[in-house]
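Below you'll find a set of structures to go through.
Next, two complexes with subunit A in common: one pairs it with subunit B, the other with subunit C.
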Partner chain A sequence: MRVVVARSIDAALAALASATEASRILAGGTDLCVEFESGRTRPDLVVEVGRVAELRFVRETQAGLEIGAGSTCADLLRSAPVARGADLLALAAREVGAVQIQNRATLGGNLVTASPAADLVPALFALGARVRLASLAGRRELLVEEFVTGYRATARRPDELVESVVIPPRPAGEHRAFHKVGTRRAQSISKVVVALALGPRGAGARIAAGSVAERTLRLATLEAALARGLARERLAQAVAHAVALDTRPRDDVRSTARYRRAVLERVLVRVLGPWLEPEGNAA
Partner chain B sequence: MERYIGRDLARPDGPAKVEGRAVYVADLDVPGAWVGGVVRSTVARGLLLGLDFDPGFDWRTVAVATAADVPGENVVALIADDQPLLVAREIEHWGEPLALVAAPDELQLARALAAVRPRIEARAACFDLERSPRVFKSIRVAQGDAGAVFRDVPPGARVVEGTYRTDSQEQLYVETQGFVAFPPASDGSVTVRGSLQCPHYVQKALARALGIAPEEARVVQLATGGGFGGKEDYPSVLACHAALLARVARRPVRLILGRHEDLAVTPKRHPARVRVRAAFAADGTGLALEADVLFDGGAYTTLSPVVLSRGVLHASGPYRWPAAEIRGSVVATNHVPYGAFRGFGAPQTCLAIERLMDRAARELGIHPFELRLRNALRPGDTTVTGQRLEHSVGSLEVLEAIARRTGFDRHAWGAPHAESGPRRRGLGFSFFFHGAGFTGSGEELLRGRVSLALLPDGRVEVLAGSTEIGQGTQALFTAIAAEALGADAADVVLATPDTARVPDSGPTVASRTCMVVGGVLAAAAAELRQRVGDGAASWRERARAFLAGGGDGAVTRAYAPPPGARWDEHSYRGDAYPVYGWAADVAEVFVDEDTGEVDVARLWTAVDVGRALQPRLVTGQIEGGALQAVGWAHREVVSARDGRCEQDRLATCIVPTTLDAPRFDVTLVEVPYPGGPFGAKGVGELPMDGGAPAVLSAIEDATGIHPAQVPATPERILDLLVARAEEAHA
Partner chain C sequence: MKPIFDESDPVELRLCVNGAVRTLCVPPLRRLLDVLREDLRLTGTKEGCGEGECGACTVLIDGQAVLACLTAACSAEGSEVVTIEGPGFERARREFLEHGAAQCGICTPGMIVMTRAWAEACRRDGIEPTEDGARAALAGNLCRCTGYGAIVAAAVSTAREGFP
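Here is the complex of A and B:
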């Protein structure tokens, strides 16, 4: 195993140029070190980017809020621009592990690991985030739901580095919510995690859920129903329909498929209900 | 005027632990030591046909031990000799040790372990305690003719019944288990140092496995990071493995379990199914009780017969039953053997009887507090074994204290809720007792000893086998010795539990360290004080003068049972325990009916401790035990798939964090016990018994469902809520 400690983005990209499918990028190490310990991962190359200062920033741009991939959960929690423009991300960051993990774990790491139980990823889905990737071959940008492609799988090529994510400006009157059901109050991995954004009269709904399929996903069926002006009285039925159609929960060591389905439905109804108009008032 | 009793003493073990100077087994620097590891079975039941050693590996670089290398008997000596140290042929559980390897370093060890290929023929395994083909032990307690009451229920009386299940629980001590063993000395003697609760248990096991005399096996306790029962029996396995490796490798061997391995293969709490029914007169007076207790013992006997005994003896709850019949069995399955965990069988049966009392209260239309009060054992009453309760019976005092503190006696428990929304508040109650010390004649047979030795400078060395495992033995023994001697705390020195130096005080288990061993210590100290004599001079001056005058400064005392105590092991009649601790809990919960999540917000507990020798320590014991109980009640899932533990890492082995802990409110009630030091009695396990039933009772108050299984996980609560909603629709 070759290890390259990169101190700049350029150095990281140069090292990644020779990367293969078996190579790994090390940022905070909260995922990768666990994999090392279990013997699951035997990379040919590890590129360490935890000390690349250029990856650790939050800036407000024309395109929206740009957050460096090396920003830790603690950075997200302390950032005033994140609190203003990407509140869901701060709410999610608070739910990650405990303080020690929050001090190490990065936004980019959570994205690239792409665990179905990730806390930050549903928030990025609900915020409509775009992922900026760089390699020696150039730069490109993907919608976050195009970036996450499957169980711990992403669209990132081995030679690419996630540089930052961009959160579009918050539309006027958009409701947002984040809700995690875990195994306990802290140091907990989710049984169900929900992040969502909803514009006035159901416009521009982005309903994201984690731990209910092999990857974080959006409940497209529910979003479509909301866009049609769903009345509050029809919410429960629409939610049940969407959960049945859009999610693929499983039994695992943390919970059961039956529980995940039921709780996802109940959380969605609880969160969305107050935002919807009763029948007759709906569009 | 007492100087140390009832006043908090700084913990002698505290500074070194806080500053990181305490030496745990992993800290022990042993030059030339190799590291040991265990080749384990990957099936829950089968035949070991052989062990293949990869010829590509250089086996000269490591040491290997198999069943054939055990110099003594291939058994883990405990109660029955059914558990082999290493499998010779029959595999009875997942993770069972098949062979041992020692290597110069971790990397070489990992390579060697991977190069051992056991040839195993898998057999059908049994994981269902209700389908077990084999019973380890059965016990029956009977008083009066309970059967007659149920056959011919008196007019106006009512029969209430229920079946309650409790799952396993992991102790989760902070420090994993481990030993360093040294190769046999020229005289054949063997030394091990490690993390443990009971040095003399380990000594006996080593002697049997190595074929040496007990005196030739020396066991030394190192700083130990928690036990909770988990280091009662398993250290015997690990110490024998380490000693065997050291013998084969001819050098010291460190055998320290990693967290995953520790979680996967060490014993946990016995899963249980308890069927219980009781007959009550219309006014709530208990007429008869029947209980059928079934414990899963796992693959080998370990401590199961004694765990069952305590479970059966606590199945009655702290109540008067004119007629009772309690039958219990612990059966074999192919689970990893279950073992000791704080409470030792009592939490399982306490859950059942307390849930039944709640159900009875509902069916009889009597307040659950009132029902308990009406049936509570009082001074002068007899228990279901015919034990007449004479001393230190604080039952009514704890009930009065908990009512005063919480007003639960006026809370409309189980009444329909006026509030709307998914978050429901509930209060729950439990009343419980716990026998302190060993069951029956255990203490009499053991006759635990404590020695004192006057040092040349006048200080007194306490020699006891009782271990400090975080619970405060050192502070407690210092306070007891100083008080009984009439000396300063600084005049007391505590010897390290080392079988070469300390007498067998009995194991550090069963809520017996303070009450039983502390009592022997107090008696020994009183004797030494009498020999040295009181006077105006300081203790050390008097002690030095005593020694200078040729006085004998060595005292050894053994436990003497209370006069008149009698116990018949055959009929299970008589004085089951020297004395009981009494307690009542009230839990406040908030249940989210959308998710089934339970927030245990507060836990009030009133506990009769006899006498609080060290108030801060005993309060810590109570809060810690109650928190373990709360975790078990609704959060701590322990399960096995094909006999393999599914929660073998800290990410999945969930226990409460600080944020999950309720606010505690502890009321210490003191009804002194004349048989204990300064009136104290054992309370180490008592707080583990009442938390789960109080939390389930509070969930019932909040939601109207009757949880009958521990842990009452969100998944189980949601299933019950959905079933109730479907019933309401039907």
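Here is the complex of A and C:
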């Protein structure tokens, strides 16, 4: 196994040029070191990027808020621009593990691990984030839903580094909420996690849920119902229909499929209810 | 079979530990926990779970509380590491002693390091130390022996220093 400690993006990309499926990038190590410990991962190459300063920034740009992949959850919690433009990400970062984990866990690491229970990933879905990837071959940008492809699987090629994510500017009048249901207050992996964004009159709804399928997903059926101007009285029924159709929860050590569906429905009804117009007023 | 952490060829590593610069030759992914306990014989930092769940291995890196079991040596290169053996824990140690906040003691070094980090954050951000605050700050530090009551009380007394 070869280990390269990179202190710049260029150095990381040069080292990654020879990367294979078995290679790993090491950022905060809160996922990767656990995999090392369990012996699940035996990499041929490890590229350490934990102190690449160019990956740790928050920048307001024309395209929106750009956040470096090396930003830690603690960084996201303390950033004023994140609180303004990407509040869901700050709310999600607060839910990631305990303080010691938040001090190390990075945005890029959460995204690339692509756990169905990840907290930052649904927030990125609901914010309509784009993922910026770099390699010696060039740069490309993917919508976060195209980036996360399956159970702990992404569209990243082995030679690619996630550089940043871009959050489009917040549309006027958009409601947003983040809700995590776990076993105890801190440091519990989610049983269900929901991140939502909803424009006036149901426009531009992005409803993302974690731990209810093999990967984070959007509830497309519910989004479509909202876009058609769903009245408050019809919400519970539409939610039940959408959850049955769009999610694929499983029984596992943390919870059962039935519990997950029931909790997801409750959370959606409670959060969305006050945002909808009653019958008669609805579009 | 060697653990993955120790598989690659040793490299030179410079760390500032408890105020002294130390130069070692270790595999780059060796856990900081093993560097501290085995290479530097600083056995105050404990291993509870080895996978980030218990907080027994909490140390300060550049002033921030992190887990030594999930930190590769190369990730700490050039950093300032403070362990329970280092200076600055006098107040917290005294409070833990006075509150009888330890039984077997395995969690105690991590609790004390985390308490100091929290106390410093309260002072820096001007946040009044409360019991709820202490419980949130210590949420990643597990204790199998005590009921947390004495630990939380000791943490609050530590952090109240300098507050009216």
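Methods note: the second predicted complex is superposed on the first by the 283 of 283 C-alpha atoms of A that agree within 3 Å, B and C clash if a C-alpha of one lies under 4 Å from a C-alpha of the other, contacts with A are read in each partner's own complex, and residues count from 1 in each chain.
Here is the rule we use: a contact is a pair of C-beta atoms (placed from the backbone, for glycine too) under 8 Å apart; a residue touches a chain by one contact, two chains touch by 3 or more.
Quick caveat: nothing in here was measured; it's all calculated off a predicted structure.
Undergrad: Could you say whether A:17 touches subunit B, subunit C, both of them, or neither, answering first, second, both or neither?
TA: neither
Undergrad: With the two structures laid over each other on chain A, which partner does A:103 touch: subunit B (first), subunit C (second), both, or neither?
TA: A:103 sits against subunit C, while subunit B stays out of touch.
Undergrad: Please name the chain, subunit B or subunit C, that touches the greater number of residues in subunit A.
TA: Here the partner covering more residues of subunit A is C.
Undergrad: If you stack the two complexes on chain A, which partner ends up touching A:136: first (subunit B), second (subunit C), both, or neither?
TA: In the superposition, A:136 touches no partner, neither subunit B nor subunit C.
Undergrad: For A:245, decide between first (touching subunit B), second (touching subunit C), both and neither.
TA: neither
Undergrad: Considering only the touch criterion stated at the top, classify A:48 as touching first (subunit B), second (subunit C), both, or neither.
TA: second
Undergrad: So which bits of subunit A does subunit B touch that subunit C touches too?
TA: 98, 185-187
Undergrad: Residue numbers of subunit C touching subunit A in their complex, please.
TA: Listed in rising order, the residues are 3-5, 7-8, 11, 27-29, 31, 50-53, 55, 58, 64-67, 69-72, 74-75, 77, 114, 117-118, 136-137, 139-141.
Undergrad: Which stretch or stretches of subunit B touch subunit A in the complex?
TA: Going through subunit B, the ones touching subunit A are 422, 594-597, 635, 639, 646-647, 651-652, 654, 656-660, 714-715, 718-719, 722.
Undergrad: In their complex, what parts of subunit A are in touch with subunit B?
TA: Interface residues on the subunit A side: 98, 181, 183-189, 191, 253-256, 258-259, 262-263, 266-267, 270.
Undergrad: How about subunit A: which of its residues touch subunit C in the complex?
TA: Residue list for subunit A touching subunit C: 1-3, 5, 26, 29-30, 33-34, 36-39, 41-43, 46, 48, 50-51, 74, 97-101, 103-104, 185-187.
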